[in-house]
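Data block below; observations after.
Read from first to last, the chains carry the letters A, B and C; within each, the first residue is number 1.
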Amino acid sequence: MAAEKSKFSFQSISKYMYLLSIVVVFAIFTILQPNFISLYSIQNMCGEIAPRLIMACGLTFVIFTGGIDLGAGYMVSATCVLTGLYLPKVGNWIIILVALAGLCMGTLNGIITTKLKLPSFIVTLCTQNFWNYIALSLCPDGSVIVPMTMRDVTAWMTYPILGIPATFWFSLIGLAALFVFQQYTKNGRAIYSVGANAQAARVAGVNIDSAQISAFAVSGLCCGLAGIMYAYKLRAANPTVGSTLQLSSLAAVALGGTAMAGGFGSVTRTLCGVITITAVTSGLNILSVNPLWQNIIIGIILIVAVILNSDNGDRNLVIK
Amino acid sequence: MAGQLLFKANGVGKTYGLNTVLRDIDMEIYSGEVIGLIGENGAGKSTLMKLIAGVTKPSMGSMELQGQPYSVNSILEANKHGIGMVFQEQSLVANLTISQNIYLGREKKYATLGFVNWAKMNADAKKALERIGIDLDVTKKVRDIDFAMRQMVEIAKVLDVVTETANGHAIILLDEPTTVLSDDEIKALFEQVRKMKEAGNAVIFISHRLDEVLEITDRIYVFKDGEETGVFPTEGADTNILYERMVGRVATGEFYIENRQTVATDEVVLQVKDLSVFGAFNHVSFDLHKGEVLGLCGVEGSGKEDVCAVLIGDVEPTSGKVIIGGKERTFKNPYQARHAGILSVPKERRDEGMIGILSIENNIVISHMEALQNGFILSGKKTEGIANEWVKKAGVKCVGIKQHINQLSGGNAQKVIFARALESNCPVLILNHPTRGVDVGSKEEIYTLIREMTEAGNSIIVIGDTLDECIGLSSRIIVLKDGLVTAEFDCPVGNKPTQMDIVQTMM
Amino acid sequence: MNNKWEASMETLSVGEQFAEKVKDNAKKDRIRRMMPIILLVVMTAIGAITQKNFFSARNLVNILYQMSIPLVISVSLMFVLLLGSIDLSIEGVMGFAGSFTAFLVQNRTNSNNFGIFGILIVLVICTCVGALTGFIHTKGRIASFITTYAVGQVMTGVAVLVYNSTPIAVTEPAFVTISQGRLFGIPYLTLMSFAIFAIGAIILNFTAFGRAVYAIGDNETAAASTGINVTLTKIKVFALSALMASAAGILMCIRLKLGQSSIGLNQMFPVVTAIVLGGGSLYGGKGGALSAFVGVLVYTELTNWLTLMGVDTYLRGVIQGVIIIVAVTLTIERTRKTISK
């Protein structure tokens, strides 16, 4: 009986966790450091949020299906490298090319998962090596700087609008597009149905392969866009830019209350998660906490968030 | 012949939600006898077994074991009381050896400091198998022995578990043990059952094959719709009376709304020609006409479910043709089948029907989203409109269309799934146990929906939850037995075949 | 495939056809189980052809030395994969164990000198972490890959925190002795690893706990119905996995005489590849000590060959990825109704 009671309160916390966490995090940091909410820090944070938001929102779709992409961080690294290296050759057209490359990477994950019927965590664990290989074999000696002559070509991406870098506004447009995809398209709803009960969706005649593949494709596309943003922002091809992003984007999705088992959640919730996680990292910076703590804290946030929104009652699955 | 009274059930029953699946069962089991349970699918035999074996607890009534009140929470606890069940779906671990399987979870008595004395365990396992007359290398892995042997190992395991505690007065429950066995193997099994009986144990035996029940049992309990309709000594039992008790009362034509049964047109929508799946069914052919309800009858394992599985692309046929819309088609999945015009309402509603944590609205439109788009964008107005319309039309009791489907009762959830099927615009609908686990009130509404489907020109293949239902709904019935079509009946209103007619071709 | 059945359909009853199908599956399964041995023969042949002194004592000892750390890790994964779960925290735990050992024994950075007790402390802490992981995974009903992923990240973070960006150099004399010592020409480290593997194999094959792991991986519901405590068994498995990972980390620390988080880097994935090559299943219930051993051996031979061919580490990662996908695809059984996410 006692266990049931505590489960109940867990669920009520998890319902509003995405809002609660923002309030709590901002409150804590403001108390510890009154300058935490300043125009400068907000502007700064918005710039930080943009690529993370796009990446995490893409990942959210994979998680809607009940799958996961453990290689998304490496995918951002690979696309960042591709953008940085080839930007001087093709100019801004690189955006379209790299976005397509990201789309293809994601689609590959999706095809292997659905057609070979392997679990996505295995598939992405394997394919992350591919992306890592692309990043590190193209930049074996670390970051490659985009030549100064390209400054004019890349400046528009970080041009401040209302004092906030353009990337942030782009990411909001992206969020809106993804929201429409999630809510008002055939594949969007099919993606939810796969996560909620794949067997039933299948019997109902839903094309679940196409739903899963499109979720991975969207995730790949978003990783591509995030990679592009980083390349433009850093003005460099950085082969390790994504290594910390995997954890923080997973934590952001979980913190938003999207169910890891699939079928429930929203990209708008992920927005809240991303804001919280970004606030945590920049707050720790402002407090000049040893950056080594970041992984530990975000890792713990991920565990707690996942525990809070794991739904115990509804689905009687064997958890492996 | 009968020994001492081992087990007694007084007015035992079981309800799931509003649905009563078993009511008011009295039963007595004496040592040294074999009891047969017969009845149609869903008559309550398996439920009663589960209550005795400790899988679930009864909702009413009480049970006694050797004069003491008997109430257990798990299979394990039942085992400790000397009651063990051999399950239909085998519960052996394929990658462990036979002896490891027999003593799985009971290694303690062979262990010192956590290390198991395998030699001693193997020797005991050998003895356990010899007790039922089987000589097998117990260090073989279960994956390397055939199904019949696995069944034997399972029986040996259960027997060993229960005799450990029951000293000679165990009760063994055998749920359809013969389905995967050949004739010789069945003979061997019966030999074992007789031995167990002679040793003073009691055996409860369930089978779909009446001849087997007549051969091996001493007394027969007959079940119908969750009720006990008769107890007969096997010696001198009249098969006709047994059949009659199994089919029991006949619901009125009114219940199945037979006055709205449509007369099939000549237009053929679906043709199945000489269809076979190796190991499931052979040479099945039929035409499905527009506006017709075609019933598929047969016991479990007769192949009727597999025919439907081929039609929705779940199973690849070995040979034969499926012709729909004038074209020969093969489907790789239900999505392709839906596009060709076949959709199924599945038997396992919770696992395969309801998309639990999605809204009623999404559950209704999911099979037909193509039609609700403006360009690439799904119109929220259209989907909501359609969902509201169906909720009203099908009489779904809910808070609103945004409510999750898993918060609805079984009957209401089933209505939502019917709404989905009707909304899909598929001319051929396969209804697999359409009223399984549905309360009486909702049943009637579902029957109305089925009649509306045919009036709208849909064609239906139905696997009935009961035989009665199948006859009541269908305008034609095909009977399968052991994978072959054994009979075909026309069922015009007023001149329907009786259940007796059909049961005799089924069993 | 279809034709094969069609021919015999007329002569057999449906029931006999079913039995025939079952037999056919069993046959296919037996062929599948032969695959690792065939692979071992092929890889050894390749080794013998491409390397002149392949069968020389020196090369064989060298292969055994290369196998040692993966073999210890394979004990972790052997148990976890048999459950059908995965432990992505192995690398983090390894890194932490290596770093913290260096921190506790005699070293250049601080004045600690706990010696053998330092190692014991590390083993105990890591086992507790593993048990906690198992607890969160089972009681929180969260898929193991996500739980262990998060725990792994936390442990990596803690590892780096332990030495605060400058890896700790070990000066413990015993470490020097062990890392350089040999018995009958075989390094102590190799012997220790093989001993640890043997213990793992004994636990798996000769205890009720080992049987329970098989049973749960094969059919969790059935296992529970025979009275196995599924939750406790799983927690034990994750504790054991972390224990073995920490042992691997400590061995690495002894070998390198340096404590840093990168000790664990890229250690887990190759062993998963190895186990899959050895015929272990990622879905649980299949595999075991022998198949893990064969897998690690095949994998080591493969790595040697790839190195000889001049393939770099990153490309090796790609090859591992392809191997896992292909091997798993070939070995799993699936029907049209199978859905994976």
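Note that in this section contacts are C-beta pairs under 8 Å (C-beta built on N, C-alpha and C of every residue); 3 or more make two chains touch, one makes a residue touch a chain.
Treat the numbers as computed from the prediction; the structure is a model and nothing was measured.
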Far-end chain from chain C, centres as C-alpha averages: B
Chain pair whose interface holds the most contacting C-beta pairs: A-C
Whole-Å separation of chain centres (CA-atom averages), chain A against chain B: 45
For chain A paired with chain C, centre-to-centre distance based on mean C-alpha positions, whole Å: 30
Intercentroid distance (Cα basis), chain C paired with chain B, Å: 42
Junction residues of chain B, two or more chains touched: 333
Residues of chain A touching at least two other chains: 199, 202, 208
Chain C: positions in contact with at least two other chains: 337
Residue ranges of chain C touching chain A (in the complex, touch as defined): 83-86, 88, 136-138, 140-147, 149-151, 153-154, 156-158, 160-161, 164-165, 220-221, 269, 272, 282, 284, 312, 314-315, 317-318, 320-322, 324-325, 328-329, 332, 334, 337-341
Complex contacts: residues of chain B adjacent to chain C: 74-76, 91-96, 100, 104-108, 111, 114-116, 118, 143-144, 146-147, 180, 182, 276, 278-282, 303, 313-316, 318-319, 332-333, 482-484
Contact set on chain C toward chain B in their complex: 2, 5-6, 9, 13-23, 26, 29, 206-209, 211-212, 214-215, 218-219, 222-223, 225-228, 285-286, 335-337
Residues of chain B defined as touching chain A within the complex: 312, 333-335, 337-339, 343-344, 346, 351-358, 362, 365-367, 369-370, 373, 376-380, 406, 420, 424
For the chain A and chain B complex, residues of the former touching the latter: 180, 183-186, 188-190, 192-193, 196-197, 199-209, 263-264, 311, 314-315
